[in-house]
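Chains here go by letter, A, B, C and D, matching the order in which they are written, and residues are numbered from 1 within each.
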Amino acid sequence: MTSIAYEQAPPLAVSQWLNARPELTLESLRGSIVVLHAFQMLCPGCVSHGIPQAKAIHAAFPPDKVRVIGLHSVFEHHAAMEPVSLKAFAHEYRLGFPIAIDQPSSDGPIPLTMQAYRLQGTPSLILIDRSGFIRLHHFGPLDDLRAGAAIGQLLAEGQG
Amino acid sequence: MTSIAYEQAPPLAVSQWLNARPELTLESLRGSIVVLHAFQMLCPGCVSHGIPQAKAIHAAFPPDKVRVIGLHSVFEHHAAMEPVSLKAFAHEYRLGFPIAIDQPSSDGPIPLTMQAYRLQGTPSLILIDRSGFIRLHHFGPLDDLRAGAAIGQLLAEGQG
Amino acid sequence: MTSIAYEQAPPLAVSQWLNARPELTLESLRGSIVVLHAFQMLCPGCVSHGIPQAKAIHAAFPPDKVRVIGLHSVFEHHAAMEPVSLKAFAHEYRLGFPIAIDQPSSDGPIPLTMQAYRLQGTPSLILIDRSGFIRLHHFGPLDDLRAGAAIGQLLAEGQG
Amino acid sequence: MTSIAYEQAPPLAVSQWLNARPELTLESLRGSIVVLHAFQMLCPGCVSHGIPQAKAIHAAFPPDKVRVIGLHSVFEHHAAMEPVSLKAFAHEYRLGFPIAIDQPSSDGPIPLTMQAYRLQGTPSLILIDRSGFIRLHHFGPLDDLRAGAAIGQLLAEGQG
């Protein structure tokens, strides 16, 4: 479920941001490691595993070095997970990191960022290095030890 | 947070049922123990504790002896937890027991069953005995050992 | 793995008691429900599941109604689990309930109480009712909900 | 509880090895990252947290890159944790990595490696880099995310 990629991260297609003012772009985050956590608010594996992991990453690393961004990529039950519901969810689960609502597609259920990143589903964890390259692309739960090791390796780069 | 009550359980005021055809009434369940689990789909303590407990109770006891009923009592973020969202939630979390959507009030945020039972919030666990009396009324997480013991005591009644 | 038995509980054959002065007998506990938790200190399932459950039962119920007794039934690695090791274990894991060291057999690895109760291994949970009858006999982990329900049923007996 | 050290790792003083034939020295492991997990078999925090973490590290990384070594540093209840008990423990808990029994001191309760590393207690996690320098020294539980990140940083060194 993990692929070690090495391609330039596509730009995020976002219909709305939560917890981000001004809005973010990946370009503006060059120089930081970006942890992109793709989820759906009604995906049980996201709620039990992916979101707690994203919160733990957000708490464990200095925010100027590691930026956590949630990506709400709704590809099923669209009417059930409108922005009004996501906002209540983010409030109740105390999500403090920026959340990008993935731009719906005009001709199918898969939103645009999900398409651009070829996500297989949620939860997905994507690590983008300081130069904007995708370095880890994982679908499904990834244990904290391996997630931490992948982040640690990116942190060490360019420090020698 | 637990009160040992001993009053007749008020009727459920329900705007819509999920997983129940025909619709249920507490009266029609006399003779069974009823486990009423009040929750909100975006309440983190319900998702992490109350709902898994309700599912475990549903799985552990014979359904003719112990009837589990979910009660979706929305008292905040109403627009975020409409029936369309609850249905997707119940599908994704594989809730197999009947769920009553608590009837909204026309003059305030607290729905009618929540008022009648004087619920303090969610999750709440209410045990109703075979004769329709409330025997346990607990707000907040209740550990499985104590919940099991309370159910076991009701199961033993009238078997001597 | 659970059998619903209904036989008189055999006496405990004990070489040494911990946390019990004066020493206990099942006879002297008639009138209380006895929760007999058989374990080995180096059995991983006992440490992760059985012992925490025994501690939780000890904490959840009034001690005059429900008496928790640990039974250290060593049937393998005998030299590794001598009383000196068990005492340190009981201290470090803060076991506050009485612990009976099962009497070694003179002609085989299985200690005497383990033989008398026909235990299949550890952890085992045995419930003895107020009259001294075995009412539940479970080998392996038993979830708290079912353990609680079994205790609750015994608690309700004779209260009508 | 964590200190970022940067000193040469002292040699291990070992009275006996488990799971290691021929015996190991830190010198012979130069070129690999060494994860030294100090524990006592009757320390509850070691059993619930430290040892599962050491096993997870052992499983997650290639053994030629990351070497996990258990260090059994008994500083209390000495008679309860003799080698015969430790061997049964290692068998029951399926510890597959080498375990060094810390050499007892002739004039006090603290064994020699524990003294040399100035360990404050168990569990302790020590990371030694490919050149034999201590890079992390942590007493108490360290979450998997941070442990993974520290290992990942050492893995990335010298790969640029």
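Just so we're on the same page, a residue touches a chain if its C-beta (ideal position, glycine included) is under 8 Å from a C-beta of that chain, and two chains touch if they have at least 3 such contacts.
This is a predicted model, so every value here is computed, not measured.
Student: Under the document's definition of touching, what chains do chain B and chain C have as common neighbours?
Tutor: Both chain B and chain C are touched by no common chain, going by the contact rule given at the top.
Student: Same or different: at the chain C/chain D interface, is the fraction of residue numbers used by both copies above or below half?
Tutor: Same, since over half the interface numbering is common to both chains.
Student: Just the number, please: Cα centre separation of chain A and chain C in whole Å.
Tutor: Between these chains, centre-to-centre, one finds 49 Å.
Student: Which integer distance in Å separates the CA centroid of chain A from that of chain B?
Tutor: From the centre of chain A to the centre of chain B is 35 Å.
Student: Two or more other chains in contact with one residue: find those residues in chain C.
Tutor: Not one residue in chain C touches at least two other chains.
Student: Run through the chains and report each pair that touches.
Tutor: A-B, A-D, B-C, C-D
Student: If we count contacts the way the header does, which residues on chain A are in touch with chain D in the complex?
Tutor: Residues of chain A touching chain D: 53, 56-57, 60-61, 143-158, 160.
Student: Under the stated contact criterion, what part of chain D meets chain C in this complex?
Tutor: 42-44, 47-48, 77, 79-81, 84-85, 87-89, 91-93
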